[in-house]
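Residue numbering begins at 1 within each chain, and the chains themselves are lettered A, B, C and D in the order written.
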Amino acid sequence: MTETYDPSRTAVLLVDPYNDFLSEGGKTSPRVEPVAKEVGLLDDLRSVVDSARETGVRMVFVPHRRWQPGDYETWGHPNRSQRNIQEGHQLARGSWGGEFHPDFQPWPGEDVAAEHWGSSGFANTDLDFQLKQHGITHVAVVGLLAETCVEATARFAMELGYHATLVRDATAALSPERMHAAHELTGPTYAHAIVTTAELVTAFKDVRP
Amino acid sequence: MTETYDPSRTAVLLVDPYNDFLSEGGKTSPRVEPVAKEVGLLDDLRSVVDSARETGVRMVFVPHRRWQPGDYETWGHPNRSQRNIQEGHQLARGSWGGEFHPDFQPWPGEDVAAEHWGSSGFANTDLDFQLKQHGITHVAVVGLLAETCVEATARFAMELGYHATLVRDATAALSPERMHAAHELTGPTYAHAIVTTAELVTAFKDVRP
Amino acid sequence: MTETYDPSRTAVLLVDPYNDFLSEGGKTSPRVEPVAKEVGLLDDLRSVVDSARETGVRMVFVPHRRWQPGDYETWGHPNRSQRNIQEGHQLARGSWGGEFHPDFQPWPGEDVAAEHWGSSGFANTDLDFQLKQHGITHVAVVGLLAETCVEATARFAMELGYHATLVRDATAALSPERMHAAHELTGPTYAHAIVTTAELVTAFKDVRP
Amino acid sequence: MTETYDPSRTAVLLVDPYNDFLSEGGKTSPRVEPVAKEVGLLDDLRSVVDSARETGVRMVFVPHRRWQPGDYETWGHPNRSQRNIQEGHQLARGSWGGEFHPDFQPWPGEDVAAEHWGSSGFANTDLDFQLKQHGITHVAVVGLLAETCVEATARFAMELGYHATLVRDATAALSPERMHAAHELTGPTYAHAIVTTAELVTAFKDVRP
């Protein structure tokens, strides 16, 4: 792994670190847990976030739309994921499940992008704009889920001109087969780098002045 | 004026109907008031909104970012308008000035776009996406200010492929000269139609089945 | 399959039907051929295109950037796919490989979007704009490759507010495993419908007045 | 004027330097000429371009769609400018008027963005993407016309997160009143800086290492 990350131009995009995905008792966490445990997701996310804050890499939170009454009901064509949320009220605004996991709270001065309706944190949000105001050219995309919002956000990052890094063990999918697809089948077609948490943390430290 | 507006494909974009712009005691309303009174802004906006709701034209609210502590402070290059808000706290979240005027409140099922940081209600928001989910192809842009957010939103509408209509007397500018520029100098270069409130209301009614 | 496609609002997005992918002697066609033969790609693409033209569904061609000297050379961070093209000159402008397959030529009045640099036919092109000028709300994405440009274009379609359909046998991937991932693992997370060519053709005919 | 321009992050966006606008005998040049002569447009554009090339500021050409047969004919709603081109064949592809003025030709390695259909050089093009691949955060927008494509491109630049500079005498409008509006009425509401050619050239030189 030969990528370098200038901290003044790099951001970690932490996608959807909600209790519903990450905490015991979350609505989707039982389906996330097998892969999350396998890779050590919570510890890895903590390492990435700590490392970013220590080295001056910008932390940006990229939240999915929190469900609220009325959402999707007038739409011409919500997709299956959106209909699931419409029925299951995952990530409900004002609920515990729709709050960020206690270990992944924005610090003052860190950015929180506008909420995304689909899978990509860039689509229909101010994420690209916020990154531009901070001179960011490189992003590492971590969080949930590997095959949906993380993949879509990283794909958009590349399409919008950013250098995009995936982190194999700082994400999780709803099945091992989907996790494999995200990092071995589709990831290599668009991402600039696919690294481990340990490799990313080392790379962040290497350029610290 | 020969435009027709199929109500199933048309939306009124009501831009920034905040107390700070429209109500006595608002932070910017003293500067808006001369042109607003001249054109009869409040009555015209009420006519447009009533007419849209009666004829089945979709109402969409397009709000500017409500200022909150921390906004703009880490940005590389806020522009003059953004620095003014940073200092003057116009449209402050949680304040009366940052609430919509009482006559211009969204009804259940009407859309409220994500807040915009610049002037265009489309830039970095879900406005285009929301319009697509409702099959909208034509928009009439009204509200505040004629030379900033209304113009920028209508320009983006055209650039994004919508049919864009300006309404001469359902908006106001910070000076008569700017109002003139918006409708006589720049508007004709990009807008598909520039009409009066009376003409728009008639056009909405004409296609009512 | 219960989707319906109003021909006045539907487009087929035919992605990258280049000789280099589809024709004997193309630079990438040896790697495409196994899956393409398995699904009967060429016949299926012909069926989709013929059916669209017969039923009044709009045909839109969505071409990848044709390589030309200088491409990618000054970029800060081309990704692996782009570096491969930089070295291998796939889809070279002015070459036979960079021409559309003879059976998939635009007819007069059909749209050809601007060329895309990445994988998504929407990113950095006029595709969304062209679709808007024709009132399109539903797209069926076919062509090459299932795991790269077809997937990325369909993902963007959904993110931009379109109803997005994948067609299992009117595309091909560089391996059976990637084909499986595109339609069984990632596709269902974002696409509104995943159908066969036969199902799509039937659906197009069913709404013919 | 206190702006500084790091050459490694700055680009000059030269909008529509076509013979039809800039050269004697061009289709629109008679209407451009009065203001162009008043400000000394050709000399100022030469100064800006020379200065950018000397100091390492990136040159990017931002061309309007060159008219070709069939353009606009199937569109649902071309605007007035587009209908004028449809009828008058300004900037026709393959014609002298649709070529860049001989003094404003791209050098090898300089970017030429995809052509824009509307007024903004960013809308439906790869301009944002190209700027990102070169680390650009600041743009100075010059060329034609002050009230249409230059204004729209600079507005989009700001909305997309760039620092946007207008140059008073390196552009022209179709009337003195429109020129005044562009720089005195609308420009100050969105642009980060409005300078003269002499000021810009000095600023470019000041940061030369």
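Definition applied: a contact is a pair of C-beta atoms (placed from the backbone, for glycine too) under 8 Å apart; a residue touches a chain by one contact, two chains touch by 3 or more.
Nothing here was measured: the structure is a model prediction, and the numbers come from that model.
A.B. asks: Once the contact rule is applied, which chains count as partners of both chain C and chain D?
C.D. replies: A, B
A.B. asks: If you list every residue number at the chain A and chain D contact, are more than half found on both copies (same) or fewer than half (different)?
C.D. replies: Same: when the shared numbers are divided by all numbers used, the fraction is over half.
A.B. asks: Which chain is most remote from chain D in terms of Cα centres?
C.D. replies: Max centre-to-centre separation from chain D belongs to A.
A.B. asks: Between 0 and 180 degrees, and as a multiple of 5, what angle does the rotation take that fits chain B onto chain C by Cα atoms?
C.D. replies: Angle of the fitting rotation, chain B to chain C: 180 degrees.
A.B. asks: Of the chain pairs B-D and A-B, which one is connected by the greater count of C-beta contacts?
C.D. replies: Top pair by contacting C-beta pairs is B-D.
A.B. asks: Suppose each chain is reduced to the average of its Cα coordinates; what separation in Å results between chain A and chain D?
C.D. replies: 37
A.B. asks: Just curious, how far off is chain D from chain B if you go by their C-alpha centres, in Å?
C.D. replies: 28
A.B. asks: In angstrom, rounded to a whole number, how far apart do the mean CA points of chain A and chain B lie?
C.D. replies: 33
A.B. asks: Can you pull out the residues of chain C that are in contact with at least two other chains?
C.D. replies: 76-77, 123-124, 128-129, 132-133, 135, 137, 159-160
A.B. asks: Where on chain A does chain C make contact in their complex?
C.D. replies: Interface residues on chain A, with respect to chain C: 76-77, 79-81, 118-120, 123-124, 137-138, 147-148, 151-152, 155-156, 158-160, 163-164, 177-178, 181, 185-186, 188-192.
A.B. asks: What part of chain C is in contact with chain D in the complex they form?
C.D. replies: Residues 70, 73-78, 108-109, 111, 114-115, 117, 123-126, 128-129, 132-135 of chain C touch chain D in their complex.
A.B. asks: Give the list of chain C residues in touch with chain B in this complex.
C.D. replies: Touch list, chain C to chain B: 9, 128-133, 135, 137, 159-162.
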